[in-house]
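Take a look at these structures.
Same chain, two partners: subunit A is paired with subunit B first, then with subunit C.
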Partner chain A sequence: MATSSGAASRRQVSPAAGTRRSARASIRAVDDAYAFRYDEIASLRREGRKVVGYVCNYFPVELVHALGAIPIRLAFCSADAMERGKKYVGDSMCPFTRALVGEVTQEGSFTNQHVDFLSGAVMCQQAYNALRVLSYQTKKPLRFLWLPLNPSNDEVRGAFLHELEDFAAELSGFLGRTWTPEALKESVDLYNGIRERIARLYALQSEHSQPISWNEFNRVIHAGPFLDPALYRTLLDGVIGELEAPASTGPSPASVNSAPATAPRVVLSGSIVAPRDTTLISLLEEAGARIVGDDSCHGSRTFSLPIKSPTLQGIADAYLGSPPCGSAQNPDLENDRRLRHLQDLTQTTRADGVVYYCLRFCDSYAFKASETKTFLEKRGGVPVLAVHSEYGESDLGQVRTRVEAFVEIIR
Partner chain B sequence: MVSTGGEYYLGLDIGSLSTKCVVIDAEREIVQTHVTATGCSPGRTGRAVYDDLLARAGIRDGLRGVVATGYGRVSIDFASKRFTEIACHARGAHHHNSGVRTVVDIGGQDSKVIKLNEGGDVIDFCMNDKCAAGTGKFLEIMAKTLTVDLVELGPVAAASRAPCALSSTCSVFAESEVVSLLAEGASREDILAGVCRSVARRVGNMAVRMGLDGDVVFVGGVSKNVGVRRELQEFLGIEFFELPGDPQLNGALGAALLAKEADHGNQ
Partner chain C sequence: MSTSHNAGVAVRPGREVTSDGSQPNRIVDYQKPILGAIQQAVTGGWDAITGAMEPLTFQDDTTISSAEVLKRLIGCAGPYPHAFTDFRHDFGLVEGLKAKYFFLSLRDRLFEASAKGVPIVSLRGLPGELVHAGGGMPVDIAIWFTESWVSGDYRFVEKGRQLTSFESCPGECAVAAILEARNIPVDLVIAASGTVMSDAPCAHTIHRGGRGVQSLFVDIPHGLEAKDWAVQYVAGQFRQAAAAVGQLSGKIVRDEDVWQAIRHGNEARRAYREFTNLILSPAALLNPPLASFEQIVAVVPAFEWLGDPVANANLIRSLNKEIRGRIETGVRGGGVAENPVRLFVPGRACLAPIYSVIDDAGGAALGFELFWSFFAEDVDETGDPYQALAEWYLRKWPYSIAAPFEKRVDWLAGICEKGRIEGLLFLNIFGCNWDPPMTLSVADAIKRRLGIPSIFLTSDMPEKDAEGRFKVAGQHRTQIEAFIEMLKVSRRGERELGG
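What follows is the complex of A and B.
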C-alpha cells in the first residue's frame, strides 16, 4: 500500500506516485479502484467491519476474508515514513521496517486510523520486532501466526497446522465471528482465482511484444492485497483482456515501454519490493533492460501457492509449500527451494541476468547474496548483480552506475 | 602530435573529484590529455575541458566521436555515447595488456574491482558501499586533518616505519581517531601510513572476495599514491602490472577507445 497520511496521500496514490497515468484503460481502472478504496474501507468500518493489517506473504488472507474482516497488507517505502520510523526503531533496522513503523504510528495516517488488528506470519526478526513496536505504540492488538523457520521440514508441518487452528480460533474470538466450511471454500476459491490470473499476467508480461513498464505492472500486482478481492479478480480480467488483445488495438508503442525484442531480460530477486518502490526498476529500464519476472514476496511469490483443498490443512500445506523467504533456513544448499525456484524462474523467462535487490540492513537477503550469485552463475550460467540500496534517492548515482554496468555486461 | 586532417576520438571521464580527458587518433595513440578538478558543476567542467581541447589545432574538424563516463556522464549532452567507468577502465587496461584480468580502481568517491575476459569484456565487478571509506575522498579528508598536501600524502606515509592502526572504517570517526592519535604524540608519517593501510585493506578485501586472476592493474587517482599502492600490493601479495602512462587517465582512455569502436561500428 502506498504511504497514506490522510487526504494528501490519497492524491499520491492514483495518477502520481512517481509514475504517469497508464495508457491502458484497464490499468487506470485498477489505479482508480485503489484510490477509491481508502474511502470505501473507512465506510465499511463505520458499518462495523474490522480491518486486519498484516505483514508478509505467509499470512493466510483467505481465513480473514472467511471471517468477514478486511485483510490489508502493510508495506510502505516512502523516505518520509522511513525517517519518522527512526523515532521508535534504530537506524540499523531495514528501511522496510522503519517505514512500516513510521507510517502506522503516524497520527492521521490511513493505517493508524483504520487498522483494528495487527498480525503477521513472519520469518525475519526485523518484521517480527517492528510489529511488536507497532502494537506497543498504537495500542492495537497483535497476534502473530507462528511460522517454522525451516518450512521444508515435514515434522514442523503438523505443528503449523495446530498453530493455524489456534490462530483461527483467536481471530474468530476477536472479530466476534465464526467461519463455516462454505465461507472458507468461497474465500479459497476467490483467492485461487486471483492467483491464476496473476500467474497469467506474469506470463503475458514476460512474452508480450509491447510489455508495460514493470512499475506499472507492479501497480496492478501490488493493488491486490489492498482491494476487495472480488473486485480485484474482475479488474485482473480486464487487464488480461487488454494485454491479450492484438497489438494494433492497444495503445501506441510510444505510450508504453516498448522494449525491443533484443533488450536484455532481467529477473528481479531479493528483498521485498514494496508498492511504489520504483527507483531500481526505473533505473533498470532506463538502462535498456527488460524485466521479465520476479521472485519478490510482494510479487510472484504471493501468488505461487494454489490451495488444493479449502481447509486449514490445505491452507497450511500451500503456504509452507510456497517458494520460501530469504529468512527461511535451509542448511542444504543443493536442495534450497528458494534457489531452485529462482533458477527455474530464470529458465522459464529466458533471463539474461538476475538483479538481486538487497535492502540495506536486510540481513537475511544480504547474507544470501553471495550464495545466490554463486549458485546461479555456476549452475545456470546467469550473471547476478547484487544492489544494496534503501528508500529515497540518496544513492541514485551509485545504483545507476552498477545497473548500467550490469546491463553493459549482459547486453 | 596533432596533425591536420586526422581523425580523433575523445574520452571524457568526469569523476566526483577530477575530470580527465584523453584524445586519441586513428592509430589509438594518445594525442592530448587534460586533468582538472570537477568542482560543483560536472556538466560545465566537462564542457570547458571539451571546448579547451577542441580549440587546439586540428582536433575540431577531425573529431569523430565523444564518449562520456564517470559519475558526471549523465550531464554531458554533447557525448555521442555514454558508458560506465567500469566498461571504460576495462577497455583502457586491455588496450595496454591483453593479459589483464583484474582492474582495481580507486577514485574520489568509488572503489571498484573489475574482472575481464580474454577479449577485454567485463564479466563481473564489485563496488564499495555508499561510504567514503576506501576512496580518494577519505584520503582527502585525512590530508586536510593532518595539513598535508594531497600529492605529498603518499611520499610522507612511505617514510613511516610503524604505521598506526586505525580501527574505524568510517571517515568521520577516523578523523576523530586521528585527532586522538595526534594528541597521543603519534607522528604524521605513521598516522598517514595507517590511513593508506586502511584504504588498502578495505579495497583489498573486496578484491579477495572477487578473486584475483591474470595480470592485475591498479588505476584511478588514488593509484598514484605510493603509500596505498605499496600497502595494497603487500596485502594482496602481488605486484601490479605497471601501465604505461598515467593510471588516472585509464578510464578516459577507455572512453576514447570505445568512441573509436562505436564510430567503426556505425560505418
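What follows is the complex of A and C.
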C-alpha cells in the first residue's frame, strides 16, 4: 500500500525502479486498480463496510472476507513514516514496524482514516508491540490472533483452533455480522484461486526466458492484500496470460531492470520486503543477477498455504502448516521447516545464491543469518549473502558494493 | 531529625585478581580495603557485623553463618572487583551485605550444585518453580549481570553479538555466549517463545545442531485476557518442562513437588511484598532507608530467586527487619537526601552505576517494575499446580507480555499513587525489543492518568574510564540531574501555590 506522503518518500534506487509504468497492459491494469482502490474503499466504508487492517501473512483473510469486511494488509517502507514512527516506538525497532507505526498514526493518512479495526497474527515481538502502540495511539480496537510458534502437534493444533474460534466470534461481534459455512467456502475458494495463480506467476518468473523485473513482479504480488480479491483474481489471469504468450506476439516481457535468462539466479530470503521496498532488488538486478524466487512473508509465503477444507479447522491447519517465519522456534535443526523450505526453494529454482535480507533490529532473522548461511552452504552448496539495511538510502553505497561483489562471485 | 547512616562508599581494592582468600585470617591485600570499609561502616567492627547479621539458610537446609557470608563476600572481590570499586555501597546495611553475597555467589553456587548432580537449567522468562520441582536449579538473566555487568568483562557480549547480531540486546546475546562457552554448567535451556521476548529464543537457536545446549521452548499465547484453553495449553507445556528437568535429575516429578516449589516461591513473594510495603510507607518515603543502588541489589533476585527461593525469602525477611529498624529510627540509606524526589523505574532496569547519580541529585529510585511485578501476586495454592502456575503467568503477573497493556498500566499507576511517585525513569537497553517500543505509550498513559512525567535513557553496556572502571555517560548524568531539578522546581511551585 502506498504511503500517505506519496511516491516522493518511496524507497528507490534507479528513478521509478519500483513504480515505472509497465510495458505490460495486464500489469498496468493491476496498477490502475490499485490506484482506484483507495477511493473504492472510502466509498465502501461510507456504505457501512468495515476495514480490518492487519499485519503478517498468517492472518486468515478468508474469515474477514466471509464476514463481509475488507481486509487490508498494513505494510510500509517509507523513510518518512519510519522517522515519524520513532516518535512513538523509539529507534531500536525494525524499520518496518517503525514505518508501520509512523504511517498509521499519521493524521490524514489513508490507513489512519479508513482502518476500523487492527489485527494481526504476529509472530515477533516488534510487530506485536507495534500493534499495541498503534491501538493505544489511534484508539482503534485491536484483537491479536495468536499463532503458535512451536512446531505443530495435536496440542498446538487444538490450542490454535480454540484461538481461531474465539477470534472469529469476537470479530463477528465487532462487525455485527456472522459468517455462514457457504460464505466461508466462497471466500476460501476465492483466496485459494488467488494462491494458485500466484504460484503460477512465481513459476513463470523462475522459468521464463525473459522474466519481468522483480520489482515489477512484486508490484503485482503486493497488490493482492489491498485489492478486492475477486478483481485481483481476474487481474492475475490477465498477467499470467500475457506472460505466457509467445514473446513475438507482444512487447518483450523484459523490463529495463530485468536480467537475461543466463544471469546468476538468486533467491531472496529473510526479513519482510514491503511494497515499494525496491532498493535491494534494484541493486541485485543492476548488478546482473536474476531473482528467481523468494521466501518473503509478503511474497511467496502468502500463497504457500492451500486451504483444503473450508472450515475453521481447515484454515487452522493451513496456516499452521505454511512455511514458518524466522520468529518461530524449533529446537531441532534437522527438522526446522523454515530452513528446509528455503533449501527446497533453492533447489526448485536452481538458485546460484541466496541474498538474506536483514532489516536493522530484525532479531528474528538477523540472529539466524549465520546459521542459515552455514545450513545452505553445507547442504546445498549455495552461497549466502546477508545484507543488513534499513529504509532510506543512507547505506546505499555499502549495500551496492556488497551486492556487486556477491553477484560477481556467483556469476 | 533523621540521619543518613553514612555517605555510602565505593572502595578501591588493589588490582590483584584472585579467587583465593575467603578466610578472615588469610585476607589478601586487595581485600583489606573492602573489609576496612565494611568494618568502618558498622560500629563495633567485624563482631558487630556478624552479630547483627542473621545466618542464611538455603533450600537444601544448609545454613551458612554470618561470618561465613562475610568471608565469602570479601572473596567475591577476586572475580568481581568492579562490584566493589565501581558502585557506591551502603556497607552499614548489614543484611545488604548478605544480599550482595547471594548475588555474587550465583556462579559458584551453580557449579557447586552441578557437581552434586543437580541439573542446571537456563530458564528464560519463565517461573523458576518448574525447575525446582524437577530437582534442578534455574538461572535466568542474572548470570549476565554477574558475568558482564559486575565483572566488567564484556567479552561475552562481544562474542554474543558475533553469534547473533551486532544490534542484539547485550543481555540476550551474552547469555547465549555464556552458555556456548560453558562458562556456567547448563544442561538445558527452557525459553518462553511466543512474543514474550522473541530475541531470547532466537538467541538460543544458535545452540542447535550440536553446538551447545539442548533447548525446549514454551509457547505463550499473547495479547489477550487468557482464556481457559490458553491456561491449559501453557499448563501442559509447563508439565512437560518440569518433566524434562526431572529426566535430567532422575526424578519423577509429582504434583507435590510442584506445590512445594510454589509454596517456596510464594514465601519469597510475600517477603518481597512486605519489603515494598516498608519502602512505600509514609515514613520511608520521607527518609528512604535504602539508597537507590541498594534498592536494586535487594530486588534483583526476585526475577529468578537466584536459584534458591528459600534462601531468597530468608534473606529478604532479615533485610526487612533491618529496614524496619531504620524507618523507626529515621535512618536514611547511605547517600540519600532527606525527602528526596521519588522516582520509579518501569520496564528494564540494570545494575547501572547511574543510581548513585540519582541519589546525588537529590532523588531516590524507590522501585523497579520488572522485579516488583514478579512478586505482585502469589501463585494460587489450590487446584492443579501447573494450571496455578500458568494462571499466575498469564493472568496475574502484570508485566507479562501476555497481559493486556491496560493491566500493566493499572498496576503501575497503583504503585505510583501509593509511593507518591514524582517521576518515572525509563532505562532502556539498546537492542531490547521488549520495553523500548512500549515506554512512550506507558509514559503517556501514566502522564494522562496521574500527571507524572517521565524521562527516557537508552544505553548499551556502561561506559568505562581510562582505568577500566564503569562510569556514567555525561549525557545521562545531565539528563538525570535536569529531570530531578525540574521535579524539585515543580515541588516548590506546588508549595507556593499552596498545593
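In this section, the second predicted complex is superposed on the first by the 387 of 411 C-alpha atoms of A that agree within 3 Å, B and C clash if a C-alpha of one lies under 4 Å from a C-alpha of the other, contacts with A are read in each partner's own complex, and residues count from 1 in each chain.
By definition in this document, contacts are C-beta pairs under 8 Å (C-beta built on N, C-alpha and C of every residue); 3 or more make two chains touch, one makes a residue touch a chain.
The model shown is predicted, which means the values in this text are computed figures rather than measured ones.
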item: Touched partner set for A:His162, first subunit B, second subunit C, both or neither; value: second
item: Touched partner set for A:Asn335, first subunit B, second subunit C, both or neither; value: neither
item: Of subunit C and subunit B, partner touching more subunit A residues; value: C
item: Touching partner for A:Met93 - first (subunit B), second (subunit C), both, neither; value: second
item: Subunit B versus subunit C as contact partner of A:Lys368, first or second or both or neither; value: second
item: First, second, both or neither for A:Thr178, with subunit B first and subunit C second; value: neither
item: Touching partner for A:Val122 - first (subunit B), second (subunit C), both, neither; value: second
item: Subunit B-touching residues of subunit A, taken from the complex the two chains share; value: 383, 388, 394-395, 397-398, 400-402, 404-405, 408-409
item: In the complex with subunit C, residue positions of subunit A that touch it; value: 87-90, 92-93, 97, 122-126, 128-130, 132-133, 135-137, 143-144, 146, 148-150, 155-156, 158-159, 162-163, 166, 326-333, 336, 358, 360-361, 363-364, 366-371
item: Partner subunit A, residues of subunit C touching it in the complex; value: 163-165, 167-168, 191, 193-199, 201-203, 205-206, 208-209, 214-217, 219, 221-224, 227, 229-230, 233, 236-237, 401, 405, 428, 430-434, 436-441, 444-445, 456, 458
item: Partner subunit A, residues of subunit B touching it in the complex; value: 71, 74, 83-87, 110, 121-125, 127, 129-130
